[in-house]
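Please go over the structures that come below.
What follows is chain A paired twice: with chain B in the first complex and chain C in the second.
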Partner chain A sequence: MSNFSVAFRDSGSTTILTLRGELDAHTAPELESAIKKCRDEGKTQLIVNGHDLDYISSAGLGVFMAFIEDIRTLDGDIKICALQPKIYDVFDLLGFPRIYHIVDTEEEAITLFEQGIQPI
Partner chain B sequence: MFKRLRLWIPPVLFIIFLVGTTGFAFLGGLSESASLTTKILYHAVLSICYLSLWATIAQAIQQLRPAPTQIFWQCIVGIITITVLIYLVYQIQGGFLDINVPAAPTVYIKSALLNTLFAAMSFIVIQLFSRLGRFRRTQRSERNWHLLLLFILITFVAVSPFHHHFNAESPPFAQPLIALLAAGTLGAIIFIFLNSIRLAWIVRLSFRQKMISIGLGVVLIAFTAGTFMIIFRPDLTLMFLSESSYPIDYLQFHSLPLFTAIILSMTYGFVYSLTSVLSLIFHLPTMGDFRRSADEMAAIQDLTVLVREVADSEKLHDWIVSTPVDAGSGKAAWLTINDLETGSLTPLIVASYKIEASTAEEACDLVALHQAATISQKLIYIQNTVTDRRTEQAKPNGILSLLVLPLVTSTEVLGTLFVSREITGAFEHDDLESIGLFASQATLVLENARLLEEKIEGERLASELSIAREVQQRLLPQTTPEFTHLTLAASSTPALEVGGDYYDWLDLGEGRLAFIVADVSGKGTSAAFYMAEMQGIFQAVTRIAPNPPDFLFHANQALGESLEKNVFVTAIYGVLDYHSGQLLMARAGHSPAVIVDVNGHANLLRSSGMGIGLDRSDIFTETLEVQQIQFSPGDLVVLYTDGVIESRNAAAEEFGYDRLMESIQSARFESAQGVHDTVRATVDEFMGSEKNYDDDLTLLVIKWHGIR
Partner chain C sequence: MGGMSTTHTLVIPSATRYLAKVRRFITVHARQAKLREKYLKEVRLAVDEACSNVIEHAYQGKTDEKLQITLTIHPTQVIICIRDRGRPFDEEAYRKPNVVELSRKRRSGGLGVDIIRRLMDEVEYSSEGNRNEIKLVKQIHSSSE
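What follows is the complex of A and B.
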């Protein structure tokens, strides 16, 4: 039933979470626990790669909001990259680009971390 | 193999010792000149010889069925068979016994055989009756039985020095020995009596079985009394042959202690038969209606009680554990239930009786026993908990035998009932039957109780949700106001009973209509609470701050404080001056409004603005953009929630913006209601027969007709 998965990958000091499938109310807890795990392990420079993310519901968007304050308090950030246009549109409609870095590639996101640039 | 071999040890020992001692006496080993040590040794071996006979008979009886009437039959058959054998032995010619002349060889043979037979008879009688007396054993019944054996043993030992082989007239310590003998005999008689009033088996019998038992009991009284006659006064029976001595002489000649043991055992048999018959007559019910076995009675009573208790599962659990104990089948009982909600494998003790739950937990490996019982779906009977590794800690906690009964329906495991006793091997055959029967009933009732509970719970939840749904529907506009310049139509369908979608309007006066469509992230109950809050905010704020940016700023302020971190609300809010056709509208993260003009041009109004609750600082206000649109007569604006766009058909395609705009365009000449209905119908048609609303779905259509 659930066709959603999160894969972890460390790249230097950043951790890349690759999302796959549909992120909705049922699968949101998976991403939630993934981000929680990173935070608890002290990994706060997170990049969410949404290249293979096919759908996101409002509950899925809520996951990003749930942690962003925490992560930023720990001097980290959640940056989002490689979204499909359709998915980017959902983020954009909601006004996410004003408070999150949403970029095209992982490299760009890593560079933003290296330069220590915060979105707000 | 070894076990079989072991069964042969007692009878073989008996025969070897009997032949050995008889042969020894026959060959003159016990003549006047024999030393005291030799004589003592002879009697010691003789005692072991008859202990072997006792063990032989005990083994044989162990193989027999322990049902009460069966025991009577076994006893009668045993006595008759042995009496016939005694009669046959009596046919051996000669062997008159005179203590003053050396005994003839026939005397030795005759006395050895007669002793064997009488001893066998008395052992059979005492052991068979002890099975009745120890029916539904308790600690006390076991103690009484062992004390009876002890007192018989005391008389056995005390009387030994009086045997004619020793200085029977005046043995050493004659006075204390006689006192001991008297005490032993008195004790034996007392415990014969105490063991004989234990008649627990009677209540279990059916009327018919009681009648049979009375008949058999009378026969047994006659037979045991007859045996005394044969021993003491055979001249009054058919047994007597003139050249023989009385059996009492042979018995006393052979072994005086054994003789006392035989007499005491037969006395027990006689007294027990007597009390049994008297008690059976007393217990005979007079009415035909009572001609049911106690089991059936109990079962019927159980069921009526269960029907009453079924509603309260805690009471039901208590009742399940207390019944087998109160009925006398067990000393303590406890019940474990599978946690169906968590699916945990660890059984949980939900009720215990005459034992603390913690003690029961400590006493045995609940998980292992529960699993073994549920896998086999049969009861497990641990006769001796000391020898089972799953009940290693049971003995210190007063549990020596344990029954584990799985409560399983055809489809699932409900729990396990444990019944324990404080002595080993305490559960009789019919205990197992009756507890087993009880367990199957308990299973049924437990299942019914659970189904009932689920139904009640389900209905309660359903009724509460339907109330919530009603309340929520009342938060939405109940009627559509009539305006001369515009028409309005709207609807909202939650995916679940309640949802997070909201639409509303308010006539602000001076020809201005405020309207809103909002969507709380997520769905269901939690979303419904925020939806209600949104409604309050709209009704309150829009009157004092009707301007779109002002209203949304206040909404963000108010909701931002109460929203959970991962929840946001998107909204689209507008004010239409229906005299002039001027529309002011702002979008807070919401799906863009569709504007369709009378010529069929469709536009998505995608102004900038972020969702409510995303940001609590100034960014929200900074990004918020107001759009101003001048309507021409016939133009319309359509607001909706993403449930419309994301509706999916069987092929998992989304409805999307294009289909939405096309359906609006196609109905653009109709009133707002007509446009609304067309869009809803198109969405429904698109979704196909299975209208599974994944998300709440809301649609609001406003058409400006200008001055009509």
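What follows is the complex of A and C.
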């Protein structure tokens, strides 16, 4: 039994991945498969909604690091939104907000895609 | 050190599915000790990272080994010791990670030790024979702050 899940939803040309539960070394492979599936289906405008994510460790952060280069090479991006402050703090600890778009809402993330704005 | 202290011990098999149990163990005892939520979260994450590293690197994925975690709460600090019998951590070979560089190389690992060092006040690795120990110390302030 896993205390983590990923749900997919398409919104125009973007795909929204809604994370729920606890993302650690045990559950990170589930997020990895989810992002891999999107990439293999040619979906590269990805928005990760972390509103219901209750916990993240470096194994979870590592999934973003493992895929961001591939996804950006395919003219896509992974944008992260709606993180609870305690989860944002973990991303912030290692400087992720400098490299990844981390915004408050899905709408903001969609707007960034529409405007073609990439981080860095 | 003066004042009261209490120690709690948890032993888990060397598999990632037990990490949630480790986090619950830290949460329950830290709450009992009225540790502030901010410290609790930091200690819980650091311990998760340390245990994840033992499972992945010290035991290299072998799931039938054991980890022992002891949590001692003193009036002014929390001390956690994680003991294993796997491959010792090579502190000299350790390089501080750079998230930009790791992303370019499509690497998913290498952040745990940095997180532990950022969150804890003291981190000490020791090995004797086939026993390794990671000692994590977090200074805490009064819960009435």
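Rule of thumb we're sticking to: the second predicted complex is superposed on the first by the 119 of 120 C-alpha atoms of A that agree within 3 Å, B and C clash if a C-alpha of one lies under 4 Å from a C-alpha of the other, contacts with A are read in each partner's own complex, and residues count from 1 in each chain.
Methods note: a residue touches a chain if its C-beta (ideal position, glycine included) is under 8 Å from a C-beta of that chain, and two chains touch if they have at least 3 such contacts.
It should be emphasised that the depicted structure is a prediction, and the values quoted were computed from it without experimental measurement.
Of the two partners chain B and chain C, more chain A residues are in touch with C. When both complexes are overlaid on chain A, the residue A:94 reaches chain B and chain C alike.
Once the two complexes are laid over each other on the shared chain, residue contacts for A:3 go to chain C alone; chain B is not touched.
Of the two partner chains placed by superposition, chain B and chain C are both touched by A:25. When both complexes are aligned on chain A by C-alpha atoms, chain A residues 25, 57-59, 61-63, 65-66, 69, 93-96, 99 touch chain B in the first and chain C in the second.
By the touch criterion given at the top, residues 3, 22, 24-26, 28, 32, 55, 57-59, 61-70, 86, 90, 93-96, 99 of chain A touch chain C in their complex. Partner chain A is touched in their complex by these residues of chain C: 16-17, 19-20, 23, 41, 45, 48-49, 52, 55-56, 97, 99-100, 102-112, 114-115, 118-119.
On chain A, the positions that touch chain B within their shared complex are 25, 57-59, 61-63, 65-66, 69, 93-96, 98-99, 120.
Within the complex, the chain B residues that touch chain A are 519, 521-523, 564-568, 570, 589-592, 606, 608-611, 613-615, 619, 623, 642, 646, 695.
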